[in-house]
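Every chain is named by a letter (A, B, C and D) in the order it is written, and numbering of its residues begins at 1.
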Amino acid sequence: MSALLEVDAVSVRFGGLTAVDAVSIAVPAGEVRAIIGPNGAGKTTLVGAICGRVRADSGRIVLGGADISRLPAHARARRGIVYTFQVTSIFPTLSVRDNVALAAQRGLMRGVMGRLAVDRRVLDARVRGALARAGLEVDPEQPASALAYGHQRLLELAMGLALAPRVLILDEPTQGLAEGEIAHFRTLVRELAGTVSVLLIEHNVEVVLAVADHITVLDQGRVLAEGTPRAIAHDPEVQRAYLGG
Amino acid sequence: MGASRGGDESTSSSSQARRISRRGALKTGLAGAAAGAGLLTVGGIPAARAAGSDRPIRIGFQVHRTGIGAVYGRWYERTANAAAAYINELGGIAGRPVELVAEDDGTDPRRGAEVVEKLATREQVDFVYGTLFSHVVIGSAPRAGELKIPYFVVSEGYHVASGKLNRYVFQPGITDVRSQITAVAGWMMGNLGKKVAMIFPDYAFGYDHRDFLSAAVEAGGGTVTARIAIPPTETAYSKYFPRIPADTEVLYHVMVGPGVLTFVREMGEHFGSRRPAVFGFVDSLEGVPMTSPGLEFLDGTYLWEAMPRQAGQYDTPHERFYRERVGVGPDGASIRDPKDVSTYSHMFGCWETLFAIKEAVEQSGYRDPTPADRKALIETLEGFHGFNEGRSHPQGPKVFDGRLHQCFGQQFVSKVNAGKLEVVHRTAIEDSRYEPAADYTKMAL
Amino acid sequence: MSLGPHLLLALLEGLVGACVLALTALGLALVFGVMRIVNVAHGEFFMLGAVIAAACAGLVGDPPWLAFGCALLVAPLAVAAVATAADWAVLRRVRYDPESTIVATIGLLYIVQQSVLVLHGPDARAVPAPFYVRLDLGWFGYNGYKLMVAGAAVTLLLAVWLGLGRTRLGLYMRATQQDREMATALGVPVRRVYATVFALGAALAAVAGVLVVPIQQAHYLMGLDPLLLSFIVVIVGGLGSLKGAVIAAFVIGVSDGFVSVLFSPTLAKILATLLVAMVLVVRPRGLFGTSEA
Amino acid sequence: MSTSSARIWLLHAAVLLALLLAQPLLPEYHYVNVARILVLACYAVGYNVLLGYTGLMSLGHAMFFALGMYGAGLPVYYHGVGALPALALGVAASALGAALFGLIALRTRGVAFLIVTMMFGQAFHLTLLHFNVYTLGDQGFILSETIRTLDVAGAAFDLADSRVKYNAALGVFSVCLLASLLLVRSPVGRVLVAIRENEDRTRLLGYNTYLARLLALTVSGTIAGAAGATYALLFSYVGASFASILHSIYPLLWTLLGGAGTTLGPLLGTGLMFYLEIYARDLTTAYLVVVGAVLLVLVLWAPRGILGTLRDRKARWLP
C-alpha cells in the first residue's frame, strides 16, 4: 500500500533527551490515524516534526512520494500539511472572519496581483464554508478574542479546514469542548475521512475509539503498538503502559 | 574703505544716500515719531507708502539655544540683544526702533529652514539674522532665497564666499575661515616653523582647515607632516598623538564641540615639555575658562583669535565700550558669573552684523519688506566697500566684497601666558584676502 | 615616535578605554541580564553622574578630592532615586514589556537631557580630578588618574560579580534572570528585585559618570556615545552575560586602541559598528550569551 | 465592495480632497508648514507599514530617508538631473537599500532587530560624514542652484513657489498613503498583520514570513526614501543630520502618537507633533521635553495612539 504520508525513522533530540526515537509510521490517504500515549510520550514533538515546527535530527518525512524533510514549515503547509494547535493559537485581535480568511486566501494568492487582491466572493464563500463545517456559528466580524474558549477551538479547526489540507493534524482538538461540540466534532472527522488524512492526538479514549481507523501508541518516544482500535484496546502491553491496566 | 573715524556710529563709505540717511536717522531719533515725515524723501520712497510706518524694524534672530551650538547661541543672543538695545538708544534704524524676534533652531538644518519660514511668513520680519553653524546656514539659505528675504549669517564658514548660497545671504559682520587661515598661516610659518602637523575634526569644518591650511603651507614653502582627522564621536585622544612625526615643528589644532577640553588636556599630558610649537584655533576653547584644570599645558602655545578675549590686548575705546555693553569682564567671562565664559572671538559678529544691517537700511532707504525695498537694500549692501572701526565695528575695520557678500578683517595671534591670552601679532586685512571664486551680483534677484 | 612606544601607548589607551567601557556598560548589562529590558536612558544616567560631579566641584570647590568624594556619594544616590521613580511611575506600569520599555526610556532620555540643559546649561564643564599625576614614560606622558579609573572599574566589576554570587540579592537576581515565573513561585520578591536592579544599574552608570568626568567633561549631550558603546559591549558580550560583557569590553577597547592608531579612525568605527550588528544577526544571543530554554 | 470597504476608501479620498481644497484657506506660513508635514508624514507612513502592520520596531529608519535624500540629491548636485528622474533615483536607492538591509537584518527580530537597525543607522550616518568628499558630510549641500523647476509633461513648475511645494508634497503623500492603504487591505497586508500578532502561527498557515517581512521592510524603506527624496527636492537641502538617530526616533514618535497600525495615524501624529513642538518652543528652551513627555504619556495611557484608541472605542472599521 502506498501511503500518503510516510514518517521514516524520525528522531528528535533536545539536548541529551531523545523525545522522538526512530519513529516510523505510514498513513494512507483518507485515513484517520490517532496517536495516543501518556504525557511526555513525544506525540506533539512527532507531529511538530511532521509539520516542520520542530527540526528532526534524523529520518525522513515523505508526502505523496516527495521527500519534504528539508522544507520549512510554511512550504509544508502549502503542500497540505496543516497543523491545528493544542494550545489555541488564533489571532486574537483580528476578526473571526479575518482569521479564517488568512487561511482561506492562501490558495488564492497567485502572482503579484493575486497577492494584492483576491476574488472576494470566492474568498467569502471559502470562509463561510470553513466556519460552517467547523460548526462555528458566531458573528464573523467580532474579534477572535471575544469568543468563548470552545469557540476558539472551533475557530482553530475552521482555519485548518480553510487551508484545504491533505494531512490535517489535530492536537487535542476536543479539550475544553462541551458535549454537543464533541459530538459535532466526531461527525466532522468522519466526514473528512476518505478525502483527508487526519492525524489525531487525543486523550479522550471514547473519541479515539469512535473515529480512528488506525491507532499508533507512543511511549517514551517509541512506537509501542499499532493497529485497529479494537486490537489496540485489547493489547495487553498498551493497557499496561497507557490505559493504566 | 572710508577714511573717517566715526566716534559713536561709523558709516560705510560708498553710498550717496549716506548723508541724507544719517540726517534722517538723527532727526527721527531726536524728534521721535513725529519726525517720521523727515524720512519720507529718503531713497525716493513714495510718501504715501510710508504713512504710519514708524513700526519697528523687526529682525528675525535664528539662534542655537539647544543642540551642539548652544554654548555659542547663548552668547550670540546676549550680544544681539545688547546691540539692539544700543541701536535703540541711538534712535533705532532709520528712526525706527529695532525689535529682535528670536527663535531656537536646535542647531539643526531642518529646523533652521522651518525657523526661517516662521520668521519670514508668520512673524513678518524684515530680515533674518544670526545663524552660526554652517549646516544650519546651508539648510536655511535656500528657503531664505525663495522667500526673497535678506539673510544675514554670523557663521565664519566659507560657504557664503564660496558662492554656494544665493544672493539674499550676506556675511558682513564676521570673517570666514578661509580668510582667517590665510591671514595667520604666514605668521605661523615665519615664527614657529614650516613643518606642520594638523589635527582637525573629521567633518566639513575640519576639512576647511585641512584644505586651506595645506594650501597656505605649501604656498609658503612649508610641508604638512601629518593630517589627523578625529572622528566626531571621539572622547579620548591620546592614541592619535603618536601619528605626529618627530620632526614636526608646529602642531596645528582645531576642534569644536564638548570634547575640546579633553583634547587639549591630553595633548598636554602626552607631550609634556617636549612638545613642538603649538598653534590652534580658539574655536577649541570658546566658552571655556582658560583656568580649567588641565589647560595649564597650553601655556606658551599660540591661538588664533578674531577678537582678543583678554581685555587690554586690543585696547581701543570701542572695544572697551562693546565689552561693557555685552557684559563681559576683563577675562572674557560674564560680569555676573565668572564661570560663564563668553565666545568672545566670534560673538562680536552679531553686534557688527546688526550695525551693518542698520547702515544698509539707512543708506538704501529700505522701509518695508517689499521686493523693491529689498532689492534696494541688497544692491546698496553689495555696493559697500567696508566698515570703519568704531562702536558699531569694535573688532576693527572691515573690507566688504560685494561680489562675495563677505567681509574681511584683521586677525590676532595670541600667546597663552599664565592662563591669559596675550596678543603677539595683529594681521593686516590684506593678509586675509584670497582670489574670489564667486560673484553674487550677477545672480538674479 | 618609534614602534615600541607607539604600541605601548596603544596598549595603555586600549586597556584604559576597555576599563572605561566595561564600567559604562556594567549597569546596562546588569539591567538587561536580569530584567531583559533595554534601558535607552542609560547614557543619560551616566551623564547625570558626570553633571552632578561638576555641580559638586562647583559647590565644594577645593580641595578637588573632597568634591570628588561628595560626588561619588551623591551621584549614585540621586540617580538611583531618579531611576526608582521612573521604574515606579512607568516601567512597572508597562510590565517591563521590552518594546514599551524602549519607547518609555527614549522619553525618559529626552526629559533627563533637557532638564539638565535647563538646570546646568549647555556648557561643557571640566571637573578637576581628585589628584593629578603626569606619569612621564620617557617617550610620552600619561595621566595617572586614568590608571586609577581603570583600577576603580576593575574593583567595581569584581564587587558586582561577588555581589551576584555571594549575596541574597544576587541569588534573587540570578533566580529572576533564569526564570521569572519560577522565581515568583519560589517566593522571590520579583517586583522588588526589578526595582532594585534598575536602580542599581542607574547608580553604576552614575558612578561611571563621576569617575570618567575628570578625563572628559560634563555636558548635557554626552550620554549618546556611551550608550551606543555600551550597547555594543553588551551585545557582543552576549545579552545577559556579565562575563561576556567584560570580555567584549576588553576586546573592543584594546582593538580600538590599536585600530585607531593604525587606520582611519572613523572608518574603523564604521566597520566596528557594522561588525557588531553582524554579530547580532549571526548570533542573536551574542558571542557569550546563553540561550533561553 | 462591502460597505466598510467603501467607507474606508471614501474616508481617505475625503482626507486627501480636504487637503487639496484647503489650499486657499491656509495662510502662507501654515501653507508651507503643511507641505512639510505632508512630506514628513510620508516618512511616518512608511515607518507605520513596518511598525504598525508588521510589528517590527526600527531605530534606523533615518537611513532609508537619507538614502532617498542622497539618492535624489547627489545626481542633481553632480549631474544636474531633473526633479522627476531624481525622485525616481532616490526611491530606487532606498528600495534597494532597504531590500539589501532586510536580507541581513530580518534574520533577527524583536529587540535584536531594533538594535541592529540602530547600529546600521549609526554606521550609515558615520559613512555619510566620513565620505565627506562626495557627500559633503554634515554641512550638506543645496539643490536650488542646480534645479529650479519641476518638469512634468512638458510644463515647468517653479520649485520655489509654495503652491508647487504643497501640491507636489500632497501628490507624493497621496501616492504613499494610498499605496499603504492598498497594501494593508490586501491579502499580503493581512499576512503582515498576522505576523505582527503571531509569526509562528502565520508560518504554519503556509506563509513564508521571512519574505513577507522583507516585503514590508522594503515597502517601508521605499516610502521613507520617497519622503527623503521629496524633502531634498522641495526644500533644496541634503545633509547628514537627516541620517542621525534623532531623525530615526521621530517617525516612531509620530506613528505612535497618531496610532500605529492605522493608515491615517502617521499624518495625524506628524501634524500634531510638528505644531506641538513649535508652540512648546515659544514656552521653553527645553522643548524636546515635550517629545519625551509625549512618549511617556503614549506608553502609559495610550499605547494605541489617537486613532488606535478611537478605533478600539468607536470605529472598528478604521483601517
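Keep in mind that, in the parts below, a contact is a pair of C-beta atoms (placed from the backbone, for glycine too) under 8 Å apart; a residue touches a chain by one contact, two chains touch by 3 or more.
It should be emphasised that the depicted structure is a prediction, and the values quoted were computed from it without experimental measurement.
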Geometric centre: closest chain by C-alpha means: D
Chain centre separation in whole Å, for subunit B relative to subunit A (CA means): 77
Distance between chain centroids, defined by C-alpha means - subunit A, subunit C (Å): 50
Cα-centroid distance, subunit B relative to subunit D, in whole angstrom: 37
Rounded Å distance, subunit C centre to subunit D centre (Cα mean): 33
Numbers and ranges of subunit A residues touching at least 2 other chains: none
Residues of subunit D touching at least two other chains: 126, 129-130, 285-288
Per-residue multi-chain contacts in subunit B, two or more chains: 66, 202, 231-233
Chain-to-chain touches, reported pairwise for every pair that qualifies: A-D, B-C, B-D, C-D
In the complex with subunit B, residue positions of subunit D that touch it: 27-29, 32-33, 36, 126, 129-130, 132, 136-145, 160, 235-237, 239-242, 278, 281, 285-288
Contact footprint of subunit C on subunit D as seen in their complex: 57, 104-105, 107-108, 110-112, 114-116, 118-120, 122-123, 126-127, 129-130, 245, 249, 252, 256, 284-289, 291-296, 298-300, 303
Subunit D residues within the subunit A interface of the complex: 1-2, 182-183, 186-188, 190-191, 193-194, 197-198, 200-209, 316
Contact footprint of subunit C on subunit B as seen in their complex: 66-68, 70-71, 73-74, 202, 229-236, 238-243, 246, 258-262, 265-266, 269-272, 287-288, 292-295, 339-340
In the complex with subunit B, residue positions of subunit C that touch it: 1, 5-6, 9-10, 13-14, 16-17, 58, 64, 114, 117, 121-124, 126-129, 132, 134, 136, 140-143, 214-217, 219, 221-222, 225, 228, 257, 260-261, 264-266, 269
